[in-house]
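The two complexes that follow have subunit A in common; it is paired with subunit B in the first and with subunit C in the second.
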Partner chain A sequence: MPRLRVARRTSPPSMALRVEAFILPLLVVFAIYAFLLEAWHVSVVKAVEIIGMQLASGDSLRRVFMASMPIFFPALGLVIAFRAGVWNIGAEGQLLLGMIGATWVALFANLGVLTIPAMVLLAMLLGALWALIPGLLRGLLGVNEVLTTLMLNYAAAYLLNYLVEEPWRDPHGYGFIKTREFPGRAEIGLTGIILLATILTVAVVVVARYMRIGFYMQVLGSGFKAATYAGASPLHLIVASMLMSGALAGVGGMIVVSGITGMLMEAGRMSPGYGYTAIIAAWLAGLNPIGVILSSLFLGLLVESGFALQSSLGLNVGATMLLEGLLLLAAAAYRFMEEYEVRVEP
Partner chain B sequence: MNAEAMSSLLSYMLIYATPIMLAALGETLAEKSGILNLGIEGIMAVGASTGFAVSVALNSPMAGLVAAMLSGLALGVLHELLVDKVRINQIVSGLAIAIAGAGLADVVGSGYVGVSGKSLGYRVNIGILSRSPLTSWLNGHSIITYLGIILAFIIWAALRMSSYGLFLKATGENPYAAKAAGVNIYRVRLLATGIGGLLAGLAGSYLSLVVYSGWFDNMTAGRGWLALGVVILGAWNAIGVLLASLFVGYMMALPYVAGKLGIHVNANLLQSIPYIAVVVALAAAYMLGGEHRLGAPSYLGRSLD
Partner chain C sequence: MRDAVNTSRIAVEFIEVTKKYPGVVANNRVSFKVYEGEIHGLLGENGAGKTTLMKILYGLEHPDEGYIKIYGRIAGHRSPRDALREGIVMVQQYPSLIDRLTVEENILLELLGAGIKLGRERLREALRRIGEEYGLKLRPRAYGWQLSMGEKQRVELAKAILLNARILILDEPTTILSPVEVESLFRFVRRVSEKGVTVLFITHRLREALEVCDRITILRRGVVVGTVESSEATPARLVEMMFGSTPPQELKAPSTGRPGGVVLKAHRIWVRGDQGAWAVRDVSLTLRSGEIMGIVGVSGNGQRELAEALAGLRRVERGFIEVDGARFSRGYNPRIALNLGVSYIPEDRIGVGIARGLSVAENTVLRDLWWNKFVRRGIISWGRVREHASRIISSYGVKAPGLDVPVESLSGGNIQRLIVAREIERNPRILVAHNPTSGLDVSAANKIRRMLVEMSLKGTGIILFSDDLDEVLSLSSRVAVMYAGRLLGPLERGEINSRRLGYAMASGVL
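So, the complex of A and B:
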């Protein structure tokens, strides 16, 4: 009887095969998802129409772009961390800390034209500090960072909820749990966001491709021992990749408060899980910083369509998360098909 | 602290510890076979919502319980197949199941938010326990709690004394040697991960059928992740896992008796305690031992070639 055997590829796959390996799992995932939607009595044709409508007008395109930015910045940072083999699953919490930092500047510091740069900086600082805790624990003691970063996501949400409920709450909010609305100087515009995205993407590409630390990080990702032999300190590399990814996740949070909501509300209303979606964006992009631009726009479209589907077809946010989980599997399957081949043996 | 407050604190501790204990015991089995299943949080959520939906649809909490366990089993098996057959990285596959599972749970449960269901019942009442305030907190819980505690001892004994336990440990420590010795390692990994999923599903249905008798979004609230921490804190030992889940249950119970104890702090700050406690406890555990001295299976998380 012929057997299927999975073996590591001896030569890199051709371009055609790569495209095939990328598209095939995605098609499978979309087919499964379409089947589930139909099983749930949701018309796939209508759903596709609604997704298409998000691209139809300038106004909705702008919303898609805005929804993709809090995914894009954290994903950019996760590319660095995941390449280094550091499993930072805490982008969500680091993003919430970024919101806290940006909100503090917006509400309590009067810095005039420097308000927005200060918001970005404090958001980066708090995001990085939140990531530093699991970074140090992993680097110094070897504590599994998947769990600690996740725990801190929950802790961050509770901290944020405490701030909006008590000390920062708008006393004239008619019972709504929110802060005061931000002053105009604290609201970032489209140009500001694009400028920030450009600067930070270039910075990440430079670090990843042209600096020694980027090279060492990649070595670390391929094996702990290899990095030690290459003369790099794993502790420094782990902490550095945590700090960078935490800072970028913080920027994502700043974009939400400054560009989308213009105030701070409870965590559940501020983020539909941007930090988790960013993990999928990083993987869908094959851990490539430029690819993250495309994957974030795509996921931003899904998130924004998710809201529209919610109101028109009664599909809840869970439906978007389900698709995101399936997409992560597709991205991982792509990695597999790139590295392994399936042979038929007689 | 007065006796009444202490008793209700301990009683809440058992209630909060139960789902974490069940999920962590299941995850211990999976991890002993070398498979890290980060999907527990999602599997628990699917168990909770499917369990409740089926319980309402068939008007039978027992049917809901079974459905929750079967859905957990299916997702556990799915994880093993993705890891061993499709060769997807264990962390990525687990995360995908956690995210997709949370989404699926929301979709399944969307029609059931605010619906009140029947409670599973089967509360155990041992008269002798209720007589003294020292033991009354142990009394009157769901049978699932007591079965969970018994299960911890059964797993502990099985891992130590039975040949199945030996096969399981051998698979997680050195799968190639186990294979050479004639152990069907893929079957062991499939069974262990499947049972792990089943127990996570059961843990979810405990929430929706016993504690809340209903379904709402984000019901699991990170309990699956806490369970993964509990496996480490319990040093991959079933009795250790039981004790570690009681510790986390205690931390989760604190906010609910804080008022009685005269502590008036914002509820959000109190609710963050268990998550911070687990981070601190993990740090302490690694400081004392490190993963391998704690007893992590050597092949945990590694893919087989």
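So, the complex of A and C:
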């Protein structure tokens, strides 16, 4: 009987093979999804049309861009953490903490033109602190960070809900559970977001590629013992990568409150799971900080199209998440094909 | 021989078994017989082919030529599961249980895999009986993670009984045991053999082989040197069989001038192994600048842990290390060691010596970005790194398709060259080298040996841990032997020869 044999590649795959390994899983994913759409009695042609419409007008392009930014910033941070082999699944919670920090500045501090920088800074600080907890637990005690970061996402959501329901709730909001609307000085514009994205992308590239700490984080990602041997402290590297990814996730939260909603509402209404989608964006980009720009825009397009498909074709909310999940599998398949080759043996 | 040995029945017979790996013949036409109920020792130094031979018997490896007879029938088993059907069970050197399951559950799982269904109650009863009958102390309800290595081994032994083993292979079973546990293991082994179980006992320790085995087969470089009865064997004769009767090789180290001041000192250090047991026990040593000190021993006697402790990778629990006059009883780490001029060529080149996901160029500076040579104002100069990398690659003959390919795509020998090059290029004051030439061809190995000598002439103090006795003899000015975590010697020039070292490696007596 012929057997499939999986073996580690002895030589790195060629560029052509890489492209193939990237495109092929994506095509399979799209084929599966097209099949599912048909099964749900949704016309694939119409769906493609609607997705195309998102790119047609300046207004919808702007919406796609805005939807991609809360994915982009956390994904940028996750690139750092994942390269270090630190599995931060908590970008969602760190993003919510960023919202809390930014909202506090917007509502309770009158800093004039410094309001937006202060919102960014406090969002980064709170996001980083939220990530520090699992970072220390992992670094000092070896507690698995996948579990702790994931659990802290729920804690963050409850903390945020408490704040909007009780102390920060808008007394004049009728029945709505929300804070006051932000003053104009606390609303970030398109230029501000692009500026912030540029600065932070450059910063991440510099840290990841040109600084000692980024180098040793990558060493840590290839092995704990190798990092120790190299003279680095795994504890410091784990904590630092958690802090950085938490801070960047916090920025994502700041963008949501300051650029999209202009107020804080319950967690479920503030984020459709940006922090989780960011995980997919990071992997889809092959943990490359520049690639994250593209993957985030792509996922932003999917999220926006998902809303449009829901309203026009009656597609379920879960359908978009399903596609995101399939994309993560495609990214995983690509990583696998990069490292292993599959041979059929008679 | 003991009454338990039934010389009229042959349980296992190896017939002309040959197993080749690329570049090595692990077993070369191995033939010998093992009687039913016999405790048969398999003695030899590292790489003699003991473990490969037992893996063949256990079905993990398949011979290229020759075959094995089990109770007179040619064995056709191709896997450990098949082997089990023949009644062959092997207890690995480092037994592993599933941490989150209890001892009982671990055993039940294994029995289930072998098609034996047993209820918990009946298993408990059986374990109680085995405990009494064979003197195995077990804690059936303890979890895997709560067990010491010795306890895990006892679980494996109990499992072998439950699996109705007829032929029991024990791979270096005493390395993980305390002296008291060794005694009870020996009692167990004698007891099972009285019940007709044939035991194959892999070891490199002479005393143990002589104490527990009925007969001993000695392997050297894949060839059977002979089979002797323990009652008629002497340690001296066994050593000669293990290491060969060639005239004892004298130390032929080049004159390294007068060694200078002390650069590295260990004072009564104790270091734990990965499993938490003491791997280095009360070791003291002194290294002078400009000398090469050899440390030999059968691998697994604490060399790796000692080397790691000297390089800062492993915590020293008691005692202290002094580098260039700076004394550390704690707080010593690889970074401090690097700063004090300690280079380290680790034994495990893939797991420790390189960062697997990174490129060749990045790996040439794996431990060198701490200084400003490659980093300006906090920014790594990849241009300088690449220059450095291409110089290393050409002058040390590292064969790599490029600087940016993943280091993992290089062959083992080339990875080894890269590591050696990186550690030597730093011009260290102290070099801890563990098997620096392993996996290299003769000319590459000799080139590295010459480099070590040149370094020592320039004043570097070198500690050379090596499994290659000839290498150590040809380079070192002093040689110490590691045995069961302790350091014997060092012997000075003129006192050393290969036979004496071989004897010490196998017996623990210098």
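Couple of notes before you dig in:
Definition applied: the second predicted complex is superposed on the first by the 340 of 346 C-alpha atoms of A that agree within 3 Å, B and C clash if a C-alpha of one lies under 4 Å from a C-alpha of the other, contacts with A are read in each partner's own complex, and residues count from 1 in each chain.
Note that a contact is a pair of C-beta atoms (placed from the backbone, for glycine too) under 8 Å apart; a residue touches a chain by one contact, two chains touch by 3 or more.
Since the model is a prediction, treat every value here as computed from it, not as a measurement.
With the C-alpha superposition on subunit A as described, subunit C and subunit B clash in the combined arrangement.
When the two complexes are overlaid on their common chain A, residue A:Ile260 makes contact with neither subunit B nor subunit C. Contacts of A:Thr320 after superposition on the shared chain: subunit B is touched, whereas subunit C is not. Legend: residue contacts after superposition of the two complexes on their common chain; A:Gly221 is shown touching subunit C, with no touch to subunit B. By the touch criterion defined above, A:Ala308 lies against neither subunit B nor subunit C after alignment on the C-alpha atoms of chain A. In the superposition on chain A, A:Tyr210 makes contact with subunit C only, while subunit B stays out of contact range.
Of the two partner chains, neither subunit B nor subunit C is touched by A:Ala109. By the document's definition of touching, neither partner reaches A:Leu132: not subunit B, not subunit C. Ranking subunit B and subunit C by residues of subunit A touched puts B first. The superposed model built on chain A shows that, among 57-65, 75-83, 111-119 or 165-173, the segment of subunit B colliding with subunit C is 165-173.
Listed in rising order, the residues of subunit C touching subunit A in the complex are 313, 333-335, 338, 344, 346, 348, 351-358, 362, 366-367, 369-370, 375, 378-380, 382, 401, 405-406, 409. Chain contact summary for the complex, subunit A toward subunit C: residues 9-12, 206, 209-212, 215-216, 218-219, 221-223, 225-233. Within the complex, the subunit A residues that touch subunit B are 6, 8, 40, 87, 89, 133-134, 137, 141-144, 146-148, 150-155, 158-159, 161-162, 165-166, 268, 276, 279-280, 283, 314-326, 328-329, 331-333, 335-336, 340. Those residues of subunit B that touch subunit A in the shared complex are 38, 42, 82, 86-89, 91-93, 95-107, 109-110, 217-218, 221-222, 225-226, 228-229, 232, 266, 268-269, 271-272, 275-276, 278-279, 282-283, 286-287, 290-291, 305.
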